[in-house]
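What follows is a set of structures to go through.
In the two assemblies presented below, subunit A is common to both, partnered first by subunit B and then by subunit C.
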Partner chain A sequence: MRLRDDYEESRWHRLEKWVDGDIDPLEGRMEIKPPDGEKDENTKLPEDGEPFFDEEKINSVVYDTAHNKELKLFRIIYRLASVLLCVTLIGVLLWTVVYLPEFGSPDNPINNEVSARYIEKGVEETGATNFVTGMILDYRAFDTFGESCVLFIAATCVLVLMRLDNSSSKEKMKKKKEEENDRLYEPKNDLILQKVSCVLVPLIFIFGIYIILNGHLSPGGGFSGGAVIGSGLILYLNAFGFKKTERFFTEKTFRRITLAALTFYCLAKSYSFFTGANHMESGIPLGTPGAILSSGLILPLNICVGLVVACTMYAFYTLFRKGGM
Partner chain B sequence: MRIFEFCLLAGLIVCALSVSFTKKLLTSIIIYMSYSSIMAVIWVILQSPDLAVTEAAVGAGVTSILFFVTLKKIRAIREEKQDETEG
Partner chain C sequence: MEWVRFGISAAFLLFGILMFLAASIGVNRFRRALNRMHAAALGDTLGILFVILGLIIWKGISFDSLKLLLVVLFFWLASPVAGHMISRLEVTTDEDLGEIEVEHHEDI
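Here is the complex of A and B:
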């Protein structure tokens, strides 16, 4: 395939680079790094085993309770107030429980016409025989959109907190050391684990894919199937190490898959925020309830949610393990 | 069936209590895993297999693995290992 001559300048190429993390749109326009001159010698990290600071000493200097009578008083009041606050909170919450509707009573507010309608007309309107999925991906699809965004945001936050910056050589050394440390106490090339995961991982993947694709027919759906696939990926990673998984799953894959899935979901369902959660006809025929290719948009949306969840689960694990993907 | 349900619920309570009373963090995570597995069976009995699959995959699988990794990061597992080899 020949690339167009002006491909480097095209919008698509720039989008691709942005997705892959090669360019940062804010770079050069925002001051990100601290200036070099301000590095303090005292902030260098301690050697292994040496305590970072003497906690008792600092505490005795800061909280000089022998001479500071106000602080002593404050501490007593603080403890009393915290206990009081806790007791009040418990009391208020228990008091509220009294006013909750009785458990299991038929005239509770949750037993209203909405759920009755979902049960009666759900199959007819959404085409999904599993009307839990019909509910969360058709009637309440905007809720599920928020849910998958929450997962994505959680992954981003973990990335911000746990990511090891490998820009400076010192950090690189530290990272290398950390990685070695990480591998030291786990079975390297454990034969039992590898053989068992050879059998189990394909089965787990197939089961996960089955759950996702049959989300509108049988129990399950995007979230559970994605979680199953994610745990399968984690098992594979534990058995064979990062080298093998990086052949098919890197940070680029994660970025591309999550971006594509969330964008598709957003384009398909985010109109609900503007129409006040009212339904709009997608134009896709619903098909016969019970067939795989039925119920309109539910199947692609299930696949999107499943992809996002599987990638996020795996990303959580790798970020916790080594601070990067 | 009724007796089985009672056994499961009793198991839940035992797990929940023993999580808070175990000294070792590793043990408490494994008990937490078994709590999630029992909960998954209870979800099936309560006729919500959707939740059962999610509970088994997320509660017993991914969450506890994340706990394990965290324990490793804060060096809580390794110390125990050394203790075992010494003692």
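Here is the complex of A and C:
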């Protein structure tokens, strides 16, 4: 593409430069040459890790923050505008509340044929006596799949942001680790905590497993049970330290468990939706409602969700604490 | 008989709530972290015991009261240990603890 000859002067180019931050708004308006007296101090090379100049000082000199009228005006307007925005938002929301239908009225739009169908045929079609679970893991299973994926993606993002860089040299790595280490004063190997967690951790695990396995029979399910198991893992980690937990839970286990669970969820539910949409027999027995081995795919799906949630909780904790798993 | 039971359970509940009130006042009014934790532990142990005992007496002994007792047991196990850990951290990090003598020892 041929550029115009005076492209450098064109408005578009200047806008582009402005967007990229290439234009210095103070160019030609500020004295570039340092005063003679402070020359030696200013030309001194910065030491490692020390900032080259004092940003506050420079700002106060350049923008004259104490006496700048524009800045003062801007600050006042900014505060006023933020208050105004909040008040408007609250007002609009409250105004909408007035037009909402009355709570609990039978003519409400939510009481349509969909929820009636869930209530009438839910137990029969899904086989789950707790038909909230029947709804989220059968009728709307792909929604729950998305939620589990969101957890996985969140854990990956935290991994990207918080992980310590492995590529630099060993010396640097050591230094970095020491800088990141804010647990110097943390009590370690506390005997009381260890004895108590010896009692509590198995109970917490059993309770979490109970919640997951009973998801289709009683209130609970993969998300809450997974959170309970994850907190049990965190308690174990706090009591016994990273060395003990890394024997059975590293980044590799995290990756394998979450990937396997999500893949199984996706494949199983795709199969059952495909056969259901085409009026084919899926071959998954529903069992008698109320038994522990019933309601078709809901039990394995609950286990998958529980695994993903437990791993994500634990991964978050370790990532925020030491920047790795 | 019914009224006696109701009275006893109400007394238990009121005492438990009083404990929680004392705990929350203490948490907000004491100066030092260790004092505050002492106040908070009061509500977490004694207060919760009396509130749950009151509930059990009110509703009569059943399978649910066993579950409530398990809740008390869990709190009695978890809350003092959590307080102990926080106080250990406080002791190691606070520079002006005053006249409290702390025995430092290496990791067990």
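Annotations
Note that in this section the second predicted complex is superposed on the first by the 217 of 325 C-alpha atoms of A that agree within 3 Å, B and C clash if a C-alpha of one lies under 4 Å from a C-alpha of the other, contacts with A are read in each partner's own complex, and residues count from 1 in each chain.
The rule is short, and it goes like this: a contact is a pair of C-beta atoms (placed from the backbone, for glycine too) under 8 Å apart; a residue touches a chain by one contact, two chains touch by 3 or more.
What you see is a predicted model, and the numbers here were worked out from it, not measured in a lab.
When the two structures are aligned on the shared chain, A:Met313 is found in touch with subunit B, with no touch to subunit C.
Contacts of A:Gly222 after superposition: neither subunit B nor subunit C is touched.
In the superposition on chain A, A:Val132 makes contact with subunit B only, while subunit C stays out of contact range.
In the superposed model, A:Ile192 lies in contact with subunit C only, and not with subunit B. Greater residue coverage of subunit A by touch, when subunit B is weighed against subunit C, goes to B. In the superposed pair of complexes, A:Ser231 makes contact with subunit B only, with no contact to subunit C.
Of the two partner chains, neither subunit B nor subunit C is touched by A:Gly296.
In the superposed model, A:Arg321 makes contact with subunit B only, not with subunit C. The contact surfaces that subunit B and subunit C form on subunit A in the two complexes overlap at residues 185. Within the complex formed with subunit A, the subunit B residues making contact are 48-50, 52-54, 57-58, 61-62, 65-66, 69-70, 72-73, 77-78, 81.
Within the complex formed with subunit C, the subunit A residues making contact are 185-193, 196, 199-200.
The touching residues of subunit C, when paired with subunit A in their complex, are 74, 77-78, 81, 84-85, 88-89, 92-93, 107-108. Residues 130, 132, 182, 185, 211, 219-221, 223-225, 227-228, 230-231, 234, 313, 316-317, 320-321 of subunit A are the ones touching subunit B in the complex.
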